[in-house]
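Each of the next two complexes has subunit A plus one more chain, namely subunit B in the first and subunit C in the second.
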Partner chain A sequence: MRLRGVPGPALVLALLCALATAINPAFLSPRNLTDLMLAAAPTLIAACGLMLVVASGEIDISIGSLLGLCAAVAGTLSSPDRLGLPPSLAVAATLALGLGVGLLNGVLVSLVRVPSIIVTLGMLSVLKGANELLMGGKWITRLPDGLRAWGTGSVLGVPVPIAACAAVVALTWLLANRTAWGRRVFAVGSNADSARLAGIPVGRTKLAAFGLAGLLVALATLVSVPRLSLVDSGVGVGFELLVVTCVVVGGVSIRGGTGTILGVVLGVLLLSSVRTVLIFLQLGESSLYWERAIQGALILAAVMGDAAGRRREARA
Partner chain B sequence: MRRLIATHEAGLAALLAALLVAAWRTDPAFVSWRVQSGLLPQIGETALLAVPMTLIVITGGIDLSVGSVMALASVLFGLGFRSGWPVEACAAAALAAGLLCGALNGWFVTRFRVHPLIVTLGTMSAFRGLAEGVSAARPVSGFPDTFLRIGQGWTAVGLFAALTLAGTAVLARHVLGRRIYGIGLGESAARASGWNVDRLKASLYAFSGLMAGVAGVLFTARRNTAKADVGAGIELEVVTAVVLGGTSIFGGRGTLVGTALGLAVLHEVRQFVGWRWSNDVLNLVVVGALLIGAVTLNGVISRRPAGSVEGG
Partner chain C sequence: MRAKTLLAAATAAMLLIGGCGGPQGQEGSPNGPTQGEKGRITICLLPKQKGIPYFTSCAEGAQEAAKELDVELIYDGPTDGSPEKAAAMVEKWALQGVDAICVSPNDPNVLAPAMKAARQKGVKVITWDADAPSDAREVFVNQATAEQIGTALVDTLVKDMGGKDVKGEVAIITATATAANQNEWIVHIKERLKAYPNLRLGSVVPSNEDQKLAFQAAQDLIKASPDLKGILAISSTAFPGAAEGIKQAGKAGQVQVTGLSTPNDMRAYVKDGTVKSVILWNTKDLGYLTVQVAAQLVRGTFKGTDPTVKAGRLGEKRVEGDNVLLGDILVFTKDNIDQFQF
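Up next is the complex of A and B:
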């Protein structure tokens, strides 16, 4: 049970990597692996937050739009073409925005009791609209170096996105497995009524999960968007689906109550490596158009694996 | 229960009337028949998909893959046309593909008992990816005028009206309608009553796929282009209209009349904002806020013990 969601994705990931390496050994070069990690880092950061939300029995599909709005706010505040404020202020405002939106989702879900899929579906529209109003149909082309350092700089020789991602994974693991709040998240997700009877503050537990998820999306924005020197209003479109896919492939049950960080890490690595593997297999340019089909097939495979696992559990 | 739903529908109708009056006072031309009838086809595909979506949501499910099925149908239509098939054969292939996609959703949902949200999230990627893969993201256009004409008119809206009438009768009067509400109110109870729950659910997903195939063909005719990004994001629009129309996302409650009103509110808000400020940015905010507001109100009103199985 503790290994839920780990063996399947690990096996597929290992197979994919072996295949790509067999055709082109450069797949395992440090440079390629670093690129892979850089591409996976923002997804993994956001997936850690979403995992806790899903484990608590809820869902957040506003994260793609939130990523876009965070990018627009960070760019608008700091770019010399727009407001030109100090980058540290833009960073603080972006993180505050992520936290604020996450908490707002959480309040609507836990206090007003609107289903989370509806709240975050509405929020997806609202944030996307706010993003486009803010961008005004133009691109933000010049980001100050102070902001770009979040995406392109390095700490002790490790690129900032990878370092931040590692820290988030470690912290999420600690939160989920070594704190009372983490235990409560899983308790609330597996049965909210029993959790309430056991004296667990269900609403506050969920509220904190949503707040954390929003904050982590803001962090994911900071380490991904400044890597390119350009922000447009298409940033983050479809990101929510990618992250939900990673979390589900990683074995987190959409019914809540279960899920492991290791599974989520594997899910993200698997989904992020599909594209690179397709490139390394050298099937020609048109093969890249199949990326989404492969991602969808991975979800369906995870679904079937999950069903098989539940049948085994039921028999045991 | 019946009165509660009537309240929600009356509220929506009042909102719609208020919207139209406000629009008429700012700009009388917008409310004219000529403008309204010109704008109506734009909600056609969304409306068509909203009928099966309402039924699926009433059973407690959801189908997120409808936009991707539209794309796959559109792309197959285009590929068939490019290889010289007659338009009728292309359309038949597109509809068959839609039905097959829907049947696959139904099979996954009922065979593996996995939440439809996850199944259709997976097939949403898979079908869209398939459309991108087989078309290599290249569009096809240049269809004959006779075909384009069915997209310009009111085909989709007319089909929607017919389906809404038939569906309303089934939901209110037919045993199938009882069962659809029954599954949403308690699936295990429905199974225990000896109903073939799986077959009914699977048929609803297949119906949804078929309608997405129809919507894909009609969209292709309306825009004179068949490509893989057709219908992107339409699933959220459809779910918004359905939920705005008072259907509970947890199942067991909802009507097609409510959905029609939800569609009308969504359509008028969007068109008016687009008309008045000539951008469709602000309306994303308005539509999202409308959705959250409606569901919040609906949740506050309906937070009382469900007393009866009265659905219609």
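Up next is the complex of A and C:
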């Protein structure tokens, strides 16, 4: 059952790629495939964290604002136009911020027992406000090379974002499938009460999921924002919607308890290649109008698949 | 049960969005509106989006005019560019009885009802930077006509690509599919492209005010069409994103990009040669002129039908129909960009 949701996105993805390649063979060029992976990497890193939160029966919609604030902090600390501190310090501060905000979300949800959608919605506003304060109506220009290397550099010939993403996917798979904590996350998400009766520390399990999600958003910031030379005030806007969509399209049930890394990987690849596919189809001016419609249709298709699966489950 | 709890939570969440999504901390304007007096007046300046350098520099010029004219200036707008939130702010200001509201509508159709309602309450409503239907405002402070901008974009790009003999494809990276300004510019871009039969218009791609999407779009456009010679990136976030995309694709010099952005944000790309020209008007002057026009409308020293308006340090500005014209478009190149700091 844990494979549910995987075939759908895989099929659609294959179909889209085949279509784009048929019309424009350049789609399958190594350069384009690398670019596709580079574009998907930050989303996938954040989606791994969110998947665990959702699997534990919660939701985090503050991740877009967190990404924005992480970008503003990294930029403010390191840009010579602002504080000009060493990039390594900015990196450490960004990761600490992500982890801290994630843990704070987790504490409010699991100890104070506020529904996660409310907690993270409030956090969304708070972080956005902090971001605006920090940016002060200006963009941050001239990111130092030490920071930009996180987005544009490579390790052993592999671009940093792709390497980081691969490591995160592997680690998340290990965490989810090979550790006691991972099994607890799914147990807590499918039925918190019986998990509690079985002696699982529900609160702590969720707290760790939120903390990890926050940390991964910070990492996603570090490998995406420095790919560009300046930090604008719109960084992260709508990111939470994209990541939630990817996770849901990837077959992670929004009701908690189920989900696979493979599904999430496919969900992210699918959603992040739609734009590129549309450009390769060379629809001319009308590509302007297709993107949202297609993304919306994909979400509907995925959710309908989820509902159908539930009905089959109920009948069985 | 589970579903019900979720539903309740979602409802509460909606309420919370409604409650805290709007502008805050503005319960009553700082010094209180002073409608009816001929002395100090209150003018509200609404940008499409607060917190982006383009509008921040407009606001600096507006503040300068406010000081000269004894105006209480309230500069506020939605930080996410949401036209619904902008409309709510216009309604709030109208209720507070401010003297004038200057609106740069992100979606004229969403803003127009609130603007009309404000006019009925006796508030002077004008548009600046982007226009709305003419019955929703008195005059439009126009930085440049869409035709001027469309023509300047195409002509500059053609020059940067090496002249009118260059053959190939030109693509556009725009803001959003519904952005009124950009859509009007695109009409005139197409019109002007007819003057260059060797060039043909390829894709028009939205960047949704997201630099990263513009970056990706530029790279995808380059790969998808080997014939691509130039990109018009016509919003202030699309331009730096597209320039970075071209640079990282190693196509600087082969694929030209030009567009509209502030000199500060494009300086690095002009210096390293990725971008030859940046097009914009003087944003400070635009903010300055807007407040001048609004204040004079309130005080009666300028009527929307006058052929010119005396605009302080800018001198006399021409009024065409119900458009107050700012005047010339600026083109920043590596030779002059350092003279402009905004």
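Here, the second predicted complex is superposed on the first by the 312 of 316 C-alpha atoms of A that agree within 3 Å, B and C clash if a C-alpha of one lies under 4 Å from a C-alpha of the other, contacts with A are read in each partner's own complex, and residues count from 1 in each chain.
Keep this in mind: contacts are C-beta pairs under 8 Å (C-beta built on N, C-alpha and C of every residue); 3 or more make two chains touch, one makes a residue touch a chain.
Since we're looking at a predicted model, the values are computed, not measured.
*Asks:* Are subunit B and subunit C a fit on subunit A, or do they clash, once the structures share the same frame?
*Replies:* clash
*Asks:* So, A:V185: does it touch subunit B (first), subunit C (second), both, or neither?
*Replies:* Neither partner.
*Asks:* Answer with first, second, both or neither: which of subunit B and subunit C does A:L241 touch in the superposed model?
*Replies:* first
*Asks:* If you stack the two complexes on chain A, which partner ends up touching A:C17: first (subunit B), second (subunit C), both, or neither?
*Replies:* neither
*Asks:* Return first, second, both or neither, reflecting whether A:Y289 touches subunit B, subunit C, both chains, or no partner chain.
*Replies:* both
*Asks:* For A:A297, is the partner it touches subunit B (first), subunit C (second), both, or none of the two (neither)?
*Replies:* first
*Asks:* After lining up the shared chain so the two structures overlap, which partner does A:A209 touch, if you call subunit B first and subunit C second: first, second, both or neither?
*Replies:* neither
*Asks:* If you stack the two complexes on chain A, which partner ends up touching A:A307: first (subunit B), second (subunit C), both, or neither?
*Replies:* After superposing on A, A:A307 lies in contact with subunit B but is clear of subunit C.
*Asks:* Determine, under the contact definition given at the top, whether A:R113 touches first (subunit B), second (subunit C), both, or neither.
*Replies:* Touch partner of A:R113: subunit B, not subunit C.
*Asks:* Looking at the overlay, what does A:K128 touch: subunit B (first), subunit C (second), both, or neither?
*Replies:* both
*Asks:* Looking only at the overlay on chain A, choose which of 59-67, 113-121 or 203-211 in subunit C hits subunit B.
*Replies:* 113-121
*Asks:* Find the residues of subunit A that appear in the contact set with subunit B and again in the contact set with subunit C.
*Replies:* In subunit A, positions 115, 117-118, 121-122, 125, 128, 132, 255, 289, 291 sit in both the subunit B and subunit C interfaces.
*Asks:* Help me check something: in the complex, which residues belonging to subunit B touch subunit A?
*Replies:* It is residues 62, 108, 112-115, 117-119, 121-130, 132-133, 135-137, 228, 236, 239-240, 243, 249-250, 281-292, 295-296, 299-300, 303 of subunit B that touch subunit A.
*Asks:* Enumerate the contact residues on subunit A facing subunit C in the complex.
*Replies:* 24, 26-27, 29, 31-32, 35, 39, 115, 117-118, 121-122, 125, 128, 132, 135, 137-139, 141-142, 152, 224, 227-230, 232-235, 237-238, 255, 275-276, 279-280, 282-285, 287-289, 291
*Asks:* Mind listing the subunit A positions that touch subunit B in their complex?
*Replies:* Residues 59, 108, 112-115, 117-119, 121-130, 132-133, 241, 244-245, 248, 254-255, 286, 289-300, 302-304, 306-307 of subunit A touch subunit B in their complex.
*Asks:* Which residues of subunit C touch subunit A in their complex?
*Replies:* 2, 5, 9-10, 12-13, 16-17, 20-21, 49-53, 56, 59, 79-80, 174, 177, 201-206, 208-213, 215-217, 219-221, 223-226, 237, 240-241, 244, 248, 264-265, 267-269
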